[in-house]
Amino acid sequence: MTEFLLGAAGFVLLTVAIGLIRVLGGPGNVDRTMAVQLLGTGGIAALLLVAAATGVRGAEDVALGLALLAAFASVAFVNSAAPEDDREAGRANE
Amino acid sequence: MNFLLVLSLVVPIAGALLAFGVGGRWVSRIALATMPLGLAIAVAIAAGLRPAGGSLVYLLGGWSPPLGVALRADWLSALMMVTTAVVISAIGLFARADFPAGMTETRRSFAFWILLLAVWGALNTVFLSGDLFTFYVSLELLVFVAVPLVALDGRAETLQAALRYLLFALLGSVLYLAGTGLLYGAYGTLDIGVLSGRIRGEPVTAVAVTLMTVGLMAKTALFPLYLWLPAAHAGAPAAASAVLSALVVKGSFFIIVRLWFFVMPGLAGVAAPQLLGALGAGAIVFGSLLALRQERLKLLVAYSTVAQLGYLFLAFPLALDAEAGRLIDGSALIAGLVQAASHATAKAAMFMAAGMIYVALGHDRIAALGGVVRTAPLAALVFLLAGVALIGPPTSGVYFAKTLFLRAADSTHQWWWSLVLDVGGVLTSAYLVMLVARALAPADQAAPSMAGIVSGQQPVAALALVLCSLLLGLLPWHAWLPLPLAVTTPDPLSLDALWSLVWPLLVGMALAALMGRRQNQRPLRMALWLEQADHALRQWPAAGFSLLGLTIMLGVALLLTP
Amino acid sequence: MSAPTLAGLTGAALVGLGLYGLLVHPHPLRKLLGFNLLGSGVFLLFGIIARKGAAAGFAADPVPQAMVITGIVVAFCATALSVALLLRLFEAGGAATLRPDVGRDDSD
Amino acid sequence: MSVIQALDISLAVLVLAVAIWTIVSRDAFAAVVGYVAYGLLVSLVWVRLFAVDVALTEAAIGSGVTGVLLISAAVRLRGTEAAVAAEWPGAGSRVLAAALCMVVTAALAAVVLTMPDPGATLAPEAARHLAETELGNPVTAVLMAFRALDTLLEKVVLFLAVIGVWSLAADGNWGGIAGPRRATNRQGALAFLAQLLPPVGIVVAIHIVWIGANEPGGAFQGGAILAAMWMIVIMARLAEAPAIGERRLRLALVAGPAVFLAVGLMGFAVANAFLAYPAGLAKPLIVFVEVFMTLSIAVSLPMLVLGPPDRPSS
Amino acid sequence: MNTAIDIFTVVAICAGAAFFMAGSVGLLRFPDSLTRLHALTKADNLGLGLIVLGLLPQADSLLGGLKLVAVWLLVQLASATVAQLIAQALRHRGRGT
């Protein structure tokens, strides 16, 4: 069972990472952001599998932390890539 | 008694936290109130050292090393702590006018006073720490204090200088940290005392010590790794420059001393200390010559710091007992640290004077210094005396240090370092003579337009510091330090003493005439060549190559040590 | 090859990579990334030391782990301060370069 | 080769590949995205090294605040890459630099390969004294007891970093506000996330701080998650960052180091040493200090990410 | 009994891994960002969901199981939000050009 879980972890990690490496080169920043999102999910999956296989205590908490913060990179990107929103918001405020 | 060690770092840090929490006009008051307290603690530790048998130890939390962290005070810590306390207090007095406690909180005052307290806490941690990782944290504290001080004026060029400094200093910290980790991995402790008993001349030690030393040299701005220093030290406000030049760079130097003299005194070999000394000599020659070529007073003072830092590193080859193959923490090391203390006091005063001259004239262009003797007589006097203190008249700390260095060079048969010391004196005289000549020139234009008024307290603070530096040689050092022989101060009016002061001035004059900047005259080819080299060394790629090259050279030197 | 050794070798390689990025890349933001990689490589070296120090029922020596945590915090602070400085430099000078003597006014 | 070895090797290769990408990529944004991915992979490596406390820290910092910080910076610095293109050293210099860096790597690799196994360790010492700290997590014991001074100073570093960032403000904005403005009628996916996530995040953060005494976790990890929750509320423009002149903010920022220092000084009186805890009260005191440290961290990190105040408070 | 649970785990995890692969292939193959986005979010959520499902019987405590479910829910929330935001950004850009 342990071997299987580890193998599955490696498989998931490799597939998402291949996607990541392919997309990092472009075409656009949106695609790069998506690739990181996919890697995040895959990484969490791999982490859960590894934790189940090796019985490292507390690894679920790491997964929980990663899951909580999974959206952050993408949110930061969308937020700072759309500065016109900032101005609108500023106007709406006044 | 031992609890004073804790207080000496807790008091400034608590002051900084309190000032931050209270804010407003209380910030500077809290900072100033902390100063006499901190000074008293430093003096008490220094005074208590001798009765306690030369060292004080405090086990934090009651945990003893290697698991716990210990604070240790010895004569090196005490000397540096008292120097720091004196310099910080003087800077505090000086800065009251520049960073006033207004009714509303201002950015500059708020940041400056808190950072001033924090730098004190960080330095005391460096001087007292007995643990390599605590050194790392305190090094980082110094970075986080120094960088905002550099950027305090907020102009684009100071922001750039601060960023360059930050990135280079961070590189230095990481390299230091890497070495720390390797030492822990090999010997299972970070405590200096325990480690010195376990450390062996293995490849891992060589790699670790190389990384740590190079990282620390980058933070000390030892030639040729000074790319960040001139712009950073010259761009900060005068009081901040004084902190940076007098104290902050000494912190990383002190850790190099701890590492080489106390962790691995028997493993230094012959080549590595010579390499450190050679870099020091390079700094003295290169920095001083470049100081001659500067157009601005503050930049000149900054390059003078580059040069003066070089002297500190002469302690490494001169402290080497070739027969025993050990670095001896005796008179050469004492010379290095007294030199550090003298430089700290003199250089702080010099930056203060430069700041006052800037205020009085509205600029600090060296070519237009004429008339400064009338416009800002006290500032000019302080500057002159600080310069003299750096050259080293018989009563000064620099003279005392130089005497010890020369004696060590004699007894270890390394005549070339005495030559370096003499050349250094000549070069320092050269830029001072050049400045005096400029200052005595008649004011070429009408009264300067944007001149300001120097506050009355400022020259007093600066003058007090200069006097400290000038009289440091008169302290009863042999009663307090492990000096094998007392150094007798010659009669300052004797012919010998006068001659030792006059001949560097004479040669310096000739050199200043040759190398200095003059209008309407083509500079010497060598001067141009120097400026180009300086320009290249202040670029990242060249600095990077120097750093990597030095790493490899030092690594090889240590690896080949039997 | 065991997991700790592999991580240690990765760390060594990261140190070289980060050093290269920090020293050679001209853009400050990229230098900063280089610094972070360099730091993270050093932390991994601590990681292998911690793992090889497994004893007394602990899967890894806690002391290097604690030092890495401290190091990560400090590295983050450094990154934040650098970014703030860099953005201010960009605002104030319109450029994000570390080259000295660019835009320095020589009023002589 | 066993499965676990294959996994470790592929993980190492991936980490290196993403790191190389971060260095060689032409585009700054792509490099930063690569670095965020790198942070995630490195936390996996830490789990494999059985350093879960570190993995938690790396996860909380790397994918939370550092990601936000670097990505927004990269977007704002768009186009500056071309301006410094002329500063690249020549190809020969680059090759030389790469070679020299490789020497450093080779030296470190040699050290790694010759490192004894089992190596030097303080784990037995820590185990012997763990009971005196009344904690179950040895990493927390090192951070809060054995090497408490370093942790205290590290909190001072954090505090100084905040001052450093603030001190970059324009004079007129001192005491003002940083970061995005509040929007009155902000709706949509982001606002939804920013309303739903923080309650969960707060629970998780409290859990992590609380179990940190006995299991992997602790003040920094919990504080970083809380900080991220605050960040998302600000990024969704549901709330504005507080003005830096505000008294409550100032107190929250110094609370961690100040309380730690105060408890440490109390040790003089009740436990015979600075930073010592009296027997029987060690754990409650440590948790007490950690609560305030968590608060300070949760407030400091957003202040660092938001940057210097850019407008006066109204 | 034990083998039955293990078989369930194996099947669920294999299915989850397959979905991850589908997501990656989608990321590589689909022609434009919007379709890539849809493929990706669907695939990775199902993938993670199935893996969590497979691991649930292996969890050693109730709290552990709850944490697994919480991880999945949080990732769902994150990726739904991100999908929305990115779609908005793409639409924005589409209108602009």
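We call the chains A, B, C, D and E, going by the order they appear; numbering starts again at 1 in every chain.
The rule is simple: contacts are C-beta pairs under 8 Å (C-beta built on N, C-alpha and C of every residue); 3 or more make two chains touch, one makes a residue touch a chain.
This structure is a prediction, so every number in the text was calculated from the model and none was measured.
J.: Between chain A and chain E, which partner chains are common?
T.: D
J.: Through how few touching steps can chain B be joined to chain C?
T.: Steps on the shortest route: 1.
J.: From the C-alpha centres, identify the chain that is farthest from chain D.
T.: Checked the centroid distances; the maximum from chain D is B.
J.: What is the identifier of the chain with the smallest separation between its Cα mean and the overall Cα mean?
T.: C
J.: Using mean Cα positions as chain centres, tell me which chain lies farthest from chain C.
T.: E
J.: Which chain pair shows the largest tally of C-beta contacts?
T.: C-D
J.: Could you grab the centroid distance between chain C and chain E? Build each centroid from C-alpha atoms only and quote it in angstrom.
T.: 32
J.: Centroid from C-alpha atoms only, then distance chain D to chain E, rounded to Å. What do you get?
T.: Comparing mean C-alpha positions, chain E is 27 Å from chain D.
J.: How big is the gap, in whole Å, between where the Cα atoms of chain A centre and where those of chain B centre?
T.: 47
J.: Just how far, in Å, is the C-alpha centre of chain E from the one of chain B?
T.: 58
J.: Would you give the residues of chain C that are in contact with at least 2 other chains, written as numbers and ranges?
T.: 15, 19, 23-24, 26, 32, 45, 48-49, 52-53, 59, 63, 67, 70, 74, 77-78, 81, 85-86, 88, 97, 99
J.: Would you give the residues of chain A that are in contact with at least 2 other chains, written as numbers and ranges?
T.: Residues 33, 35, 40, 56, 61, 64, 68, 70-71, 75, 78, 81 of chain A touch two or more partner chains.
J.: At least two other chains touched by the same residue of chain D: list those residues.
T.: Residues 4, 48, 50, 53, 76, 87, 89, 93, 97, 101, 104, 108, 111, 115, 119-122, 126, 146-147, 150, 154, 157, 161, 164, 168, 190, 193, 197, 200 of chain D touch two or more partner chains.
J.: Among all the chains shown, which pairs meet the touch rule set out at the top?
T.: The set of touching chain pairs is A-D, A-E, B-C, B-D, C-D, D-E.
J.: Mind pulling up the chain A residues that touch chain D in the complex?
T.: 3, 6-7, 9-10, 13-14, 17, 20-21, 24-26, 29, 32-33, 35-36, 39-40, 43, 46-47, 50-51, 53-54, 56-59, 61-62, 64-66, 68-73, 75-81, 86, 88-90, 92-93
J.: Mind pulling up the chain C residues that touch chain D in the complex?
T.: 1-21, 23-27, 29-30, 32-34, 36-37, 40, 43-45, 47-63, 65-70, 72-74, 76-81, 83-88, 90, 95-97, 99
J.: Hey, which residues of chain B end up touching chain C in the complex?
T.: Those residues of chain B that touch chain C are 67, 133, 136-137, 140, 143-144, 147, 151, 154-157, 159-160, 162-164, 166-167, 170-171, 173-174, 177-178, 181-182, 184-185, 188, 231, 295, 365, 367, 535, 538-541, 543-544, 547-548.
J.: Under the definition above, what is the set of chain A residues touching chain E in their complex?
T.: 1, 4-5, 8, 11-12, 15-16, 18-19, 22-23, 28, 30-31, 33-35, 37-38, 40-42, 44-45, 48-49, 52, 60-61, 63-64, 67-68, 70-71, 74-75, 78, 81-82
J.: Which chain D residues qualify as touching chain A in the complex?
T.: My answer: residues 2-4, 6-7, 10-11, 14, 17-18, 21, 25, 29-30, 33-34, 36-37, 40-41, 43-44, 47-48, 50, 52-53, 55-56, 59-60, 63-64, 67-68, 71-72, 75-76, 180-186, 190, 193, 197, 200-201, 204, 207-208, 211, 215-217, 221, 225, 228, 231-232, 235, 237.
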